[in-house]
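One chain, subunit A, appears in both complexes that follow, with subunit B as partner in the first and subunit C in the second.
Showing the complex of A and B:
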């Protein structure tokens, strides 16, 4: 079943209430949301395998805390897109502002344009694939999950990173505290190839990427590391 | 953390008595000397639990006038004195209804053992009030034993998930904490057990330092949008609290109202912590007394007093503290350290074991080390098993009942049939400092420093 929802006629509250009516069910309806006009909190708190397409730009926290749903934004996304996502797929056809995929625990976030600063901040298991480049302080305190960047990364990539794995194809402006380049082994090329395939990217060679992760030197406080803080 | 230095004295060698002519320095008393020696030996700042230990102007510096010729009191035990309070009347469709104006502050599973968290839930539920989760998320046991549970949204977002958000009775966005306004959480490696590590999605045994800023908003303008997101996810049912550490309390309160809070939780510098640098605990933030007055002023000026409820915490120990906080304009108080002491923290029965850790009953504050002999601030299964959550819950309920009875006693003495009818006019100050901070007159005068003359 396909639904059409016009945000010029009804508000975000009515939209989310309508979408939440399917939460916890096995429904897989398609929803087309028109006239989003940069509104905040579009399609947040979904817990159902709906297929939601937002036809335009969205503001803050689009698809926040998503569970199971597929949300596609045919435009740009404001700050905190797919923040704390648990599962499902969020795809932004344009670019995303700051904190895309912040603290997300699972699912896949695909950004076909660029992502701004702090992409994947405190990520906790989500996979993020960015077709373009990402801004500074991305993957700050990233705990787990994978971040794939087909373009360049800004300054202080992976500062204070824990166990997340970062793959960057282009230039990295600088690495943050305790983030180092690590060797690409076969298993890494395999997981990277799978992530690119999941994101629908087939014109990029996994061999062109470098891998970054934690040096694990700041996991326990040592006096001699004081100047790293 | 290195253990506190313990100098061993040779046994048998008779010590000559300390000469009364020896003079201890005011600038360098023995505790200061010991800290310099500790710093020189270890090279790291002192981390500890508990709250500020310095003396600050507090509710002890206020007195109630009571009823006499011009006011008549209510009969104790005979005339009703209502204590109920509802938190979250501004926007939430399901506000939090409490039987008493005393809640349990956020304390994490991780900082506290599972049985200790269970006891908090049992005690609060018996007394008709709420508990609060903490950094690390909600445990099923905690949800089961707390009839009313406030779920914290912290900068780390450890364990944050929409299912628990929907299961919660209220949501508390933690901006700051009185013990460390501007500081993040801290849980040192020895308390990161398998379960704590799994809940927080972190490697076992690391020193976990939570972020001090939220990852997806930076100020009141985008916090407003963040709160709307939380409301949208939970269909505008849950009250949303904003917790702030006492600092610029007038402006912080006004901004929390602007950001859309249903309830503001204001934590003074005496408020406790499980683990923070001593220098942070003792030197950042302002006491509960002036912070409360500033917050109430801000709410009154915005015509939001009693519409956005104010919960105050930090150094609440007795019904007198509760009654004075309510008289100054709070809607409820929150307790952390007091609740842990009621559970059994620092109990004299364990003095010998505290001494073996280099502390003593009444002084123990190394909650971050995870070696609590009572089984409260630990993740060691054997130590946690010592703690009986049913008996602990009963002790907490007793303590909450005493706080409530004491509060009612003072309210009746002032002629109030409802504890929330206490007002600043019922109060006087014992010191010039407290008079200035609370803006109530110095006892026996009509003088409030900064307002008019003697």
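Showing the complex of A and C:
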């Protein structure tokens, strides 16, 4: 079943209430949302396998806390897109503003344009694939999950990183504290190829990427410290 | 949190609609700053040798008395246009003389702006109230720059609200907070910069005033600001010919720019631009941290 919702006629609260009505069910309806005009909180808190398409630019926190749903934005997304996502797929056809995918635990976030500063900050298991470039302080304190960047990365990539894996095809302006380049092994190339395929990117060679991750010198969950507790 | 909106007309037809579109942008930024609002509009540019000065008076101020004293003292007063609490003087007299006289003889007046084209209007309360009060939707002009304030660092008064004048035909609006404003204010005061409030954004304006008076171009002054101002900011600076936008290198404070064939606009959020004609097709991007963007007529 396909629904159409016009945000010029009804507000975001009404939209989210209508979408939430399907939460926890097995419904997989398609929703077309028109006239988003940069509004905040479009399609947040979904918890079922809806297929939501937003036709235009959105503001803050679009598809935040998403579970299972597939949300596609035919435009740009403001700050905090897919923040704290748990599962599902969020795809931004344009660019995303700062802290896209922040603290997200799972699912896949695809940004077809660029992502600005702090992309994947404190990511906790989400996979993020950016077709363009990302801004500074991305993957800050990233705990787990994978971040794939087909373009360049800004300054202080992966500062204070834990166990997330970062793959960057272009130039990295600088690495943050305790983030180092690591060898690309076959298992990493396979993982990267799968992520690119999941994101629908088929014209980029996994061999062109470099891998970055934690030197494990900064954070204090070392076995050497076990006696301190 | 605060909101910023700037709109720059690229065609004479759009200049005629500037106020209509700009008012909608400012009102859309209400959620980001509901306690005060203000704007600078560049319009009716005076020929060389004439100056416009915008003044703000406290309630109960007698404008007729003021005009009488003004005309008795200065020979070149061409007009005094009243807009409730605000008045715009047009004169052929030398601006520093006029400003010095107003400061000395009417210390209760705030001098909001001076220049050939700039006028500044601001008040406490919702942006919609400001728009209605000064009939912004009817205004034409080449460009306008506005601010909706949610005070964090200092009091909610009209004197603390934006834009702040930074020199002839120059003004500043700021979203963010500065951390080294006390020290910087004392340094600038020693260099002769005049401050009316304890507001951090006024210090940024004073800093630019000092640099521009020292001979820097606007771009040079903003480059230096990146080194000397500590804190979070998205600045928009209005000039006689256009405006400039700068975000601090950390870039926590948002900004979006869009450009069509007939206008250039910037705002804290895209939703303030979404109502502009052709917004969906306009080239839209987020200004990069620490980079200066500017437009001129």
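Here is the rule we go by: the second predicted complex is superposed on the first by the 220 of 229 C-alpha atoms of A that agree within 3 Å, B and C clash if a C-alpha of one lies under 4 Å from a C-alpha of the other, contacts with A are read in each partner's own complex, and residues count from 1 in each chain.
Keep this in mind: a residue touches a chain if its C-beta (ideal position, glycine included) is under 8 Å from a C-beta of that chain, and two chains touch if they have at least 3 such contacts.
Everything numeric in this text was worked out from a predicted model, so none of it was measured.
In the superposition on chain A, A:13 makes contact with subunit B only, while subunit C stays out of contact range. In the superposition on chain A, A:79 contacts both subunit B and subunit C. Of the two partner chains, subunit C is the only one touched by A:38; subunit B is not. Of the two partners subunit B and subunit C, more residues of subunit A are touched by B.
In the superposition on chain A, A:205 makes contact with neither subunit B nor subunit C.
When the two complexes are overlaid on their common chain A, residue A:47 makes contact with subunit B while staying clear of subunit C. Contact with both subunit B and subunit C is seen for A:59 once the two complexes are overlaid on the shared chain.
Touch criterion met: A:97 reaches subunit C, while subunit B stays clear of it.
Of the two partner chains, subunit B is the only one that A:125 touches; subunit C does not reach it. Once chain A of one complex is fitted onto chain A of the other, the partner contacts of A:190 are absent, as it touches neither subunit B nor subunit C. Contacts of subunit A with subunit B, set against its contacts with subunit C after fitting on chain A, overlap at residues 40, 59-60, 79, 98.
Those residues of subunit B that touch subunit A in the shared complex are 42-44, 156-157, 160-163, 165, 189, 200-203, 205-207, 211, 215-217, 222, 225-226, 228-229, 232-236. Considering their complex, residues 12-13, 16-17, 20, 40-41, 44-45, 47, 59-61, 64-65, 67, 79-80, 83-84, 86, 98-99, 102-103, 105, 118, 121-122, 124-125, 140-141, 143-144, 162-163, 219-221, 223 of subunit A touch subunit B.
Note for the complex: subunit A touches subunit C at residues 37-40, 56-57, 59-60, 76, 78-79, 95, 97-98, 116-117, 135-136. Of all the residues in subunit C, the ones that touch subunit A in their complex are 250-252, 254, 269-275, 280, 284-286, 288-289.
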